[in-house]
Amino acid sequence: MLIELINVSHVYQDENNVKALKNINLEINKGEFIGIVGHTGSGKSTLVQLFNGLIIPSSGTVKINGKNITNEKSNLKETRRHVGLVFQYPEHQLFEETVYQDIAFGPKNLGLNKDEIQARVNEVMELVGLDYDEFKARSPFNLSGGQQRKVAIAGVLALKPDVLVLDEPSAGLDPQGRKQLAELLQYLYQELEMTIILISHRMEEIAELSSRVIVMHQGEIVIDDNPVEVFSKEQKLHKLSLDLPQITEILHRLDERGLKVNTSLFSVSEASAEIIKALRSK
Amino acid sequence: MLKDITIGQYIARDSIIHALDARIKIMITTILIIALFTIDTFMGFGLFTAFVLGVILLSKISIKKVLKGLKPILILVLFTLFIHIFLTNGGEVLWSWKFISIESEGVYIGFFMVSRIFILILFTSLLTLTTSPLQLTDGIEYILSPLKRFGVPASELSMMMTIALRFIPTLLEEADKIMKAQQARGADFESGNLIQRAKSLIPLLVPLFISAFRRADDLALAMESRCYRGGEGRTRLHELEYKYYDFVALGMIIILAAAVSFY
Amino acid sequence: MSLIEISGVDFLYQNENSNRPALQNINLQIEAGDFAVIIGSNGSGKSTLAKLLNVLLTPSTGEIFVDGLNTNNPDNTWKIRQKVGMVFQNPDNQLVASMVEDDVAFGPENLGIPSQEIRQRVDKSLEMVGMSGFQKFAPHKLSGGQKQRVAIAGVIAMEPDCIVLDEPTAMLDPQGRKEVMETVEYLNKEKGITVVHITHFMEEAVDADKVIVMNQGEILHKGTPKTIFRLVKQLKEINLDIPVAVEVAEYLRQENINIPDILSIDELVEALC
């Protein structure tokens, strides 16, 4: 078991004392691609910060690789290198003078030597699709939004985490940027066999990429299943004010109106082919 | 952690202290601060402390909340105390070891300085806790406005203050976020000696400043597009207006201040 | 005469990294009461165009008239800014005051409106955007969608003829986006306020009166949503999304299934069943 939460609750200690997580039990295995969805304020960001000890829960146990991280504060640094976390708008957190230095920040903190650092920076820049020689010496602040996002993600990948957690990584990207990001995640998951945890408001993204979907509502996990199952529960999702992927919505609507189609398809091309087939056989 | 800072925070309550005119409150605070530096007896400090507690009660803000605001200045206070205790000479020698000695004068002065700092911070934080930032800046603008004749840009200064106050919580939130993002990449803000810790803050400041500048740019555009062109010809949603109890309060404070200063 | 008339406008940023004009030969009319949507990939000049409408920038060549007032004439600047309000992308960077009502009052205060009338305008504007009761809230305690609606109220309180919104939904979650779009549609349909809306979300363009497609500083296409979204291939070439329903319809047409011009999911389902 990679990540295990047992009876975890969390309350933010301030004037409102919001109960952000309520009695969560969750197991995440190596090699899963988990999509987390939920209404705003449902506790998604709080949940994923438990995975690397940035938030220590008010009660309950968090185990990473079998090790309890909730009471022994000492080894959080070790945990954080296993679980890499990319926050929302990560490009707002760039700070070094060059792209190279920014990506090297993590490896440096791990205490690697110069050659190792350079090898890693080189490797992750290639992964995210930034040409090493072209970009290494450039200031991260003079890049386009999409390129900055890549630098920020490379900075986390440079820790060589086993688990990569991304909190709304595609927010604000244009269609091309979103496509490149999806391809990167797919590559990390399939070729490098990383465990990926993705928070997103775009159901299309979640449906197409993940192998397992977790739906949060008011601090609780209300659905935890594979995407086909989750997105067949149209009524329930609507009650949680969540949408279906638009293409799936179309299939559902056609199905209701008597055009017999397979409703668990998430890509436009597949769904269109399905509709064509159904129309032809009518 | 950063969220504990309450400087500049305003807590809306329905109390007589909140209802006082901002200008009066600024004047009262000024008078009290001046008076504070004229007193040097235990009696005087006792009276002041009692007065502050009374005001807190009247303001309906919990004492705990107000005291929490003192936390960030604790280091400053302790520092002052040490300096005075160890470096001021005079009076009886209470304790000595090699070249260090503690003398009674130092203890007295240290105590007074610390009390002054505490009461000073309490007064000013009470002012901001009970006065909405806008009223506060309007009050300051009004009080400074006679200086406009000498070229002091009172309206612009007060607008700058309004904006600074507006963005303190946003920047603190942002700092929190950046800190977490860097911790996630192995940065360590918690261990090491003071110098190491101070050094680990540098990567935090860069993105914070950059975002502050970006915000400033955006905000300037947004303000201009909403027809902001300096203080000239601006009206106010809340015009400041004196009421009878404003003068009652002011009168009482002058008497109190005179009393503690002269005895 | 149209509410906004843009004729022969070029714009070049006067600084080092601008070898190419940000806008070239822009000609465009926007009628009073229109709901116009501008789409285009990053760097295509949308924000620059928006800033020209509000005199935050003035054309390098050409002219823009707002309600008959030329933006090149400095005497008109403040009148035009009152007539054309702007809402920007980042909800955190456009609220000035620490309290909602003070922020909404900011514009009218700058216009020198008497304080009783400001009070009325503030309350009315907040009601129009569905934020009554939030008068005393601090902006940082609001959700993104709520902040944007406060920003819109701040513009409405100046009683403009037209609002220009520069990607107001880009940083919001779906819920916040819905809230903002419903507000903008209400203001347009019920209150008759002209809207110029810039967005990357194609769903937000399907109900527009007019869609304007920009690319590399030029207006590439303009027309009704139906005529624009028929150009599936051209839009994809310049890196834009297409509403899903339109994409499906396009697939069907390629297979020689006859489908009328549709934009929304509703229309697609209707056409197929």
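Every chain is named by a letter (A, B and C) in the order it is written, and numbering of its residues begins at 1.
Quick note on the criterion: contacts are C-beta pairs under 8 Å (C-beta built on N, C-alpha and C of every residue); 3 or more make two chains touch, one makes a residue touch a chain.
For reference, the UniProt names are A = Energy-coupling factor transporter ATP-binding protein EcfA2; B = Energy-coupling factor transport system permease protein; C = Energy-coupling factor transport system ATP-binding protein.
Since the structure is predicted, the reported quantities are computational estimates derived from the model, not experimental observations.
A.B. asks: Counting one step per pair of touching chains, how far is chain B from chain A at the shortest?
C.D. replies: 1
A.B. asks: If every chain is reduced to the average of its C-alpha atoms, which one ends up farthest from chain A?
C.D. replies: So the farthest one, by centre of C-alpha atoms, is B.
A.B. asks: For chain B versus chain C, what separation do you get between their C-alpha means, in angstrom?
C.D. replies: Inter-chain centre distance comes to 41 Å.
A.B. asks: Determine the centre-to-centre distance between chain A and chain C, using the mean Cα coordinates as centres, and give it in whole Å.
C.D. replies: A distance of 31 Å separates the two centres.
A.B. asks: Quick check on the complex: what are the chain A residues that touch chain C?
C.D. replies: Residues in contact with chain C: 39-41, 144-146, 171-172, 174-176, 201, 241, 243, 246-247, 249-250, 253-254, 257-259, 268-269, 271-273, 275-276, 279.
A.B. asks: Which residues, counting only chain B, touch chain C once they are in their complex?
C.D. replies: 10, 12, 132-134, 162-163, 165-166, 169-170, 173, 214-215, 218-219, 221-229, 233-239
A.B. asks: Across the complex, what residues on chain C touch chain B?
C.D. replies: Those residues of chain C that touch chain B are 51, 54, 56, 78, 81-82, 85-86, 88, 90, 92-99, 101-102, 105-115, 118-119, 122, 136, 138-140, 154-155, 158.
A.B. asks: Quick check on the complex: what are the chain A residues that touch chain B?
C.D. replies: 14, 49, 52, 54, 77, 80-81, 84-85, 87, 90, 92-96, 105-106, 109-110, 141, 155-156, 159
A.B. asks: Write out the stretch or stretches of chain B touching chain A in their complex.
C.D. replies: The touching residues are 3, 177-178, 180-188, 203-204, 206-207, 210-211.
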